[in-house]
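First, the structure itself, so that you have it in front of you.
In this document, chain identifiers A, B, C and D correspond to the written order of the chains, with residue numbering beginning at 1 in each.
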Amino acid sequence: MKEGLKMIAVLTLICGMFSVTLAGLKEATESRIEEQVLTYVQGPAINQVLSGFDNSPVTDRMKFTVHGTEERVTVFPALKEGLLLGVALETFTKGHGGEVGVMVGFNLSGENLSGIAITTMKETPGIGARIAGHGFTSQFKDHSMDVELTSKGGSIEGIAGATTSSTASVEAVKQAVSIFQKIKPQITQAWPGGS
Amino acid sequence: MILNSLLVLMGLGFTAATILAVASKILHVKEDPRIAQVEDVLPGVNCGGCGYAGCNGAANAVVEGKSGANVCVIGGIETAQAVGAVMGLEVLDMELELAFRDCTGGQRAEELFNYEGAGNCRAQALLYGGAKTCPEGCLGLGTCEAVCPFDAIHMGPEGLPVVDPLACRACRKCVEACPRGVLSIVSMSAKLLHLEEVNDCLAPCQQKCPANINIPRYIEAAKNGDYAGAVNIIRERNPLLLVCGRVCPRPCELDCRRTHVDEAVGINMIKRFVADWEMNNNLRLHIPCAKETGRKIAVIGGGPAGLSCANFLRRLGHSPTIIEAMPELGGQLRYGIPEYRLPKKDLAWEIQGILDLGIDVRLNQKLGTNFTINDLEEEGFEAFFMGIGAWASGTMRIDGEKAQGVISGTEFLTGIGLGQPPNIGDNVIVVGGGNTAIDAARTSIRLGCDVTLLYRRTRAEMPANIEEIEGAADEGVKFIFLSAPTKVIMDDKGKATHLECISMELGEPDDSGRRRPVPIEGTEERYPADTIISAIGQKPQLSCFYTEGEEQCNIDFTRWRTIDAHPQTLQTSIPMVFAGGDAVSGPDSVISAVGAGRIAARSIHYLLTIGKIPLADNTLRRLIPYTLFKDVDGCKNKTRTPMPHNCSGDDRISTFKEIEGCLTEEELQHETSRCLRCGLICYDRDIPLENVFTNRVGEKVE
Amino acid sequence: MKEYFLLFISAIFVNNIVLAQYLGNCPFIGTSKKISVAIGMGSAVVFVATMSASITWAVQEYLLDPMGLQYLQTLTFILVIASLVQFVEMFLKKAVPPLYKSLGIFLPLITTNCAVMGIAIICQREEFSFIKTVAFSFACGMGFMLALIVLSAIRERIEVSRTPKSMKGTPIALIMAGLMSLAFFAFKGMI
Amino acid sequence: MSKLWKEFSKGLWKDLPPFKVVLGLCPVLAVTKTADNGFGMGLAVIFVLTMSNVLVSIFRKIIPPKVRIACFIVIAASLVVSVELLMQAFAYPLYQQLGIFVPLIVVNCIILGRAEAFASKNPILLSAVDGLGMGIGFTISLTLLGGIRELFGYGTLFGTRIMPEHYKPFSFMVEAPGAFVCLGLMLSAMNIFTSWQARRKGQAVLDNPGHECRSCGICSR
């Protein structure tokens, strides 16, 4: 029994010791990791949906509270010579195999979408996963804020056989549009508008 | 977050450790604590080399006593000692096991086809079972060499694997790898216990030998000058090599393949040479014995069968006691075979060597008179071997047999052996054609008598050794063939004076295959005789098995009034009683008795250790037909060395000096060089073997 | 139903855990010398992989996610798997000795089998539901067993054929595994 | 000093993983698509191996033998988590590339093998040096294998184009089959080299220079 107790004690203590160390390390690296994740996961998507900027949208990101809700949204601005060209924000909806993450870019000048990019998704390979393909996402480039699938009377062609995935991504864009519209005043306040 | 992490991880660690600790208590399988200790000292590599499922399995086996402290093949002596320390076992007592190659063929073994596939025996074996003609022979591609983890096997120059005894750890990898079963892991005990099987590599001589001595191997050793090696090889099957070197009727030489070239190899002369070499140099080579078991076994009868059985039991680690009715050990060797064939001092030297292994002896104790089996059982003996021989003479079944001057051959020879030669007068008639009859006749010659030997068939039918018959004729024994006694003529005092005989002719063959002699009416004749020695039909004396006043005894006999014993195990109708030698077979050769002694020892060993007597179904029972060739080609003639004789003339017929002599070293060299080194079907040719392909065993393709 | 069927096919053939995902290679090479051993090891992996993936799923769902401690995933998983394996070993030894005899000796080898840990982590990264986790981990285990048995069968034959001396043993086994992996590539077109 | 050097250098040649001691194959096969990845993985292993050896050596006296393996695992896993965090913070692309194999460092037999076979029996400094040597050896092997596969598979080395323009990348090399075959060939080359070396020195040539999973004590627990 004594040996058993010692076993338990040693294992527990070692676990405890390392947990503190690790937690400390986690605290210390947390902000840096976030930065890295944004740079390497969201960064490429932002580059796809925004263009013509000369700043780093990830470094200049800001968080806004959506009016009327508690939700906080990270917005990535595209600036040129300090003036705001457009913004990008990421939204998530439930897809076929899990969350579909969509980075949606907005043109401040024309009030329409500058493009979208899929950041994360776990759709069925070869079918739903085609939403990430160029053919699907490019439809959104310079599209008006009013997006809808053709099946529902809109102008976006869904992926054949992957209704759920197509709907999910369109829903995400719609969500982003509504958020954008709600926080637009705050955005223009935060960065000097270019137009 | 730090707090969360701390709590979760500590909780997890605590839970895991607690569950395991509790589980190890609740789910504790009652195990010998030594299993864990043994496992701790094993290397823990789970390599499986020991043949058990991992180190835990090996530890289990050790603790259960299924395996010794040297279970681990890779751990070496340190591990063995550590395991031994845990188990309290003496490590050094463990019997050494080594890989052993049975096949001797190698490159001289003929090939059925020219194989050019992958250089691996197992690959070759997939193709019609391999290219060698011999179904059991080594294919020689060295798979064993490749699998040996200890670098202990190397392919020798003859295309056969050579095991390095120092490097071999008996891991069995080679045994498993060999598709032909050429290699086996054997200890000394295993060799002693092995009953020859038809798929062993057995030369005809070894098959024929009643004791299955590995003849080619000892001749090979003798040829290489390794006389001690030869002696040890013989001792694996026959502890009485001095005796057999002198008196063996050598059935092996009958089937020697060399008989198809010229004459058989003088196998027994070679045996005698190495046996004499040991005795003359008074070497007393060390005879290894297995670890003491302390099991007591009574060996009743100190003749060749009893001596052999006691010898092998002792070497297997048991404690036999020989109980002998006569004042000295040796049985028929001492009391039946005359001095001129087997000098008593040589016999004594040989017996002493066996007793020196640690065998107890009780002399002058006769079964049934001085003790019974029940007495011995109460004394703590666990098994019994009956090697009581065949000492009772058959009767001639003629009138006047009770007359004074009529004695049996065994009686006569025993008297001589005891140093009390009976008064036999001048004219002696010996009746019978066996070795006992010849021995009696030749002994009588040496006592200065005029000896006539009466046999009811012809010389060709005499069961005695040809050399013996010739020797008797040389010494002046007169033979009367085709003549049978009908009546003993007595004088008034009841003393025999003449023997009346009738001539016979040979009729139809009887059960034994010999032609039955039929008397010819009216041909009676009388021969004068002071003494008539009847040397016919010895039988075991079975009266000792009957307790006084009882008709029945609980041991079964055959209809020839010998002890009934299982032919392969020699077990009698009483499970713990075994019997062998003349008592079972009727009068037979020394070497048969020696072989029976070993078989009985094997049976007793198994019965005492594992409770049953295992028998392979491919045990060698008769000669393997395809090994007996009609002709042996490719060999030049080499004359057989004549038997050297020590004495001649008067010296020979008037003294009991030993007649036959021993080879010289040169003669030995010549004789061993005549051996064809036969394997199962291979043998040494003078011509090289290249391009000799055969399509059927033993037959050459033209 | 079709989804699960596809999951099975994908886990066993298309994304075979050993041949396409490079997981569990040490035992794959180490225990593939004999078919009998391969079968024992394979079934042990199927068993342990399924079990540990299910348990780690629960740990992640009810412990790590609510507390926001995803970063401790590696640590907790390995701890849970190691204790689980040891527990199962003790349990089998007590409760089902025949099973222990055939499977038990392989269990200790599995603690450090990256296939088991890898399957658990993949299930988390793919955010499978519980049922899917069980199905997926079982299928992955089967994939491992399949590859292991096939390789051991090949190696038993290779053993008796002429291989260059330098290739004997592990090198030729690796090359065989490579060719098997190439063969399994053909399944890529299936889904 | 010579003892330290001996422990250090054995990982570089005598017991060079994974060639001399076939251990830790999964990362070897999986992350060696490019020399970069191999090198990065190697660095992570050096860190974990050295640190775990040091820690195990420190704690070796207080750990009860029955939970020995569990404790070693916790130590190794904690180090792996640290590596994960640090890699995410400072080398995120590498973390993305190595993916699942970063957490799987914990089940790399080398880590537990060295902890069990060496660090749990030796003082801190020796253990550290042993871990460092083994780690560096492992890194060299990984980088080498990665380099070869990258060179033939992409025509580049550490991302720089090496092969002539018209070289058509042999993409077999960077796929799973290529990994197996390439490692097999390298092991075989290693065998040839070892026996050549032995022959040159006049030593007996061993048929199978230790390519057995024997040296890793861990499988046996």
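Definition applied: a residue touches a chain if its C-beta (ideal position, glycine included) is under 8 Å from a C-beta of that chain, and two chains touch if they have at least 3 such contacts.
Just so it is clear, the structure is predicted and the values come from calculations on it, not from any experiment.
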Applying the touch definition from the top, give me the chains sitting in contact with each of chain B and chain C.
A, D
Comparing B-D with A-D, the one with more C-beta contacts is A-D
Taking each chain's centre as the mean of its C-alpha atoms, which one lies nearest the mean of all protein C-alpha atoms here?
C
Chain whose Cα centroid lies at the greatest distance from that of chain C
B
So the centre of each chain is just the mean of its C-alpha atoms; given that, what is the distance between chain B and chain D in Å?
61
What's the distance between the Cα centroids of chain A and chain C, rounded to whole Å?
35
Chain C and chain D have mean C-alpha positions lying a whole-number Å distance apart equal to 21
Can you list the chain B residues in contact with two or more other chains?
1, 4-5, 8-9, 12-13, 16-17, 20, 24, 46, 54
Which chain D residues touch at least two other chains?
67, 70, 74, 78, 81, 85, 207, 219-221
So chain C residues touching two or more other chains come to 71-72, 75, 79, 82-83, 86, 109
Draw the chains as dots and join the ones that touch; what shape do you get: line, ring, star, complete or other?
complete
Would you tell me which residues of chain D are touching chain C in their complex?
22-26, 28-30, 69-70, 73-74, 76-78, 80-81, 84-85, 100-101, 103-104, 106-109, 112, 172, 175-185, 187-189, 191-192, 195, 207-208, 211-213, 218-221
Touching residues (chain side chain B, partner chain A) in the complex
1-2, 4-6, 8-10, 12-14, 16-18, 20-21, 24-25
Under the definition above, what is the set of chain A residues touching chain B in their complex?
4-5, 7-8, 11-12, 14-16, 18-20, 22-24, 26-27
Residues of chain B defined as touching chain C within the complex:
1, 4-5, 8-9, 12-13, 16-17, 19-20, 23-24, 27-29, 46, 53-54, 56-57, 118-120, 122-123, 126, 143
Give the list of chain A residues in touch with chain C in this complex.
15, 18-19, 22, 26, 97-99, 122, 125-126
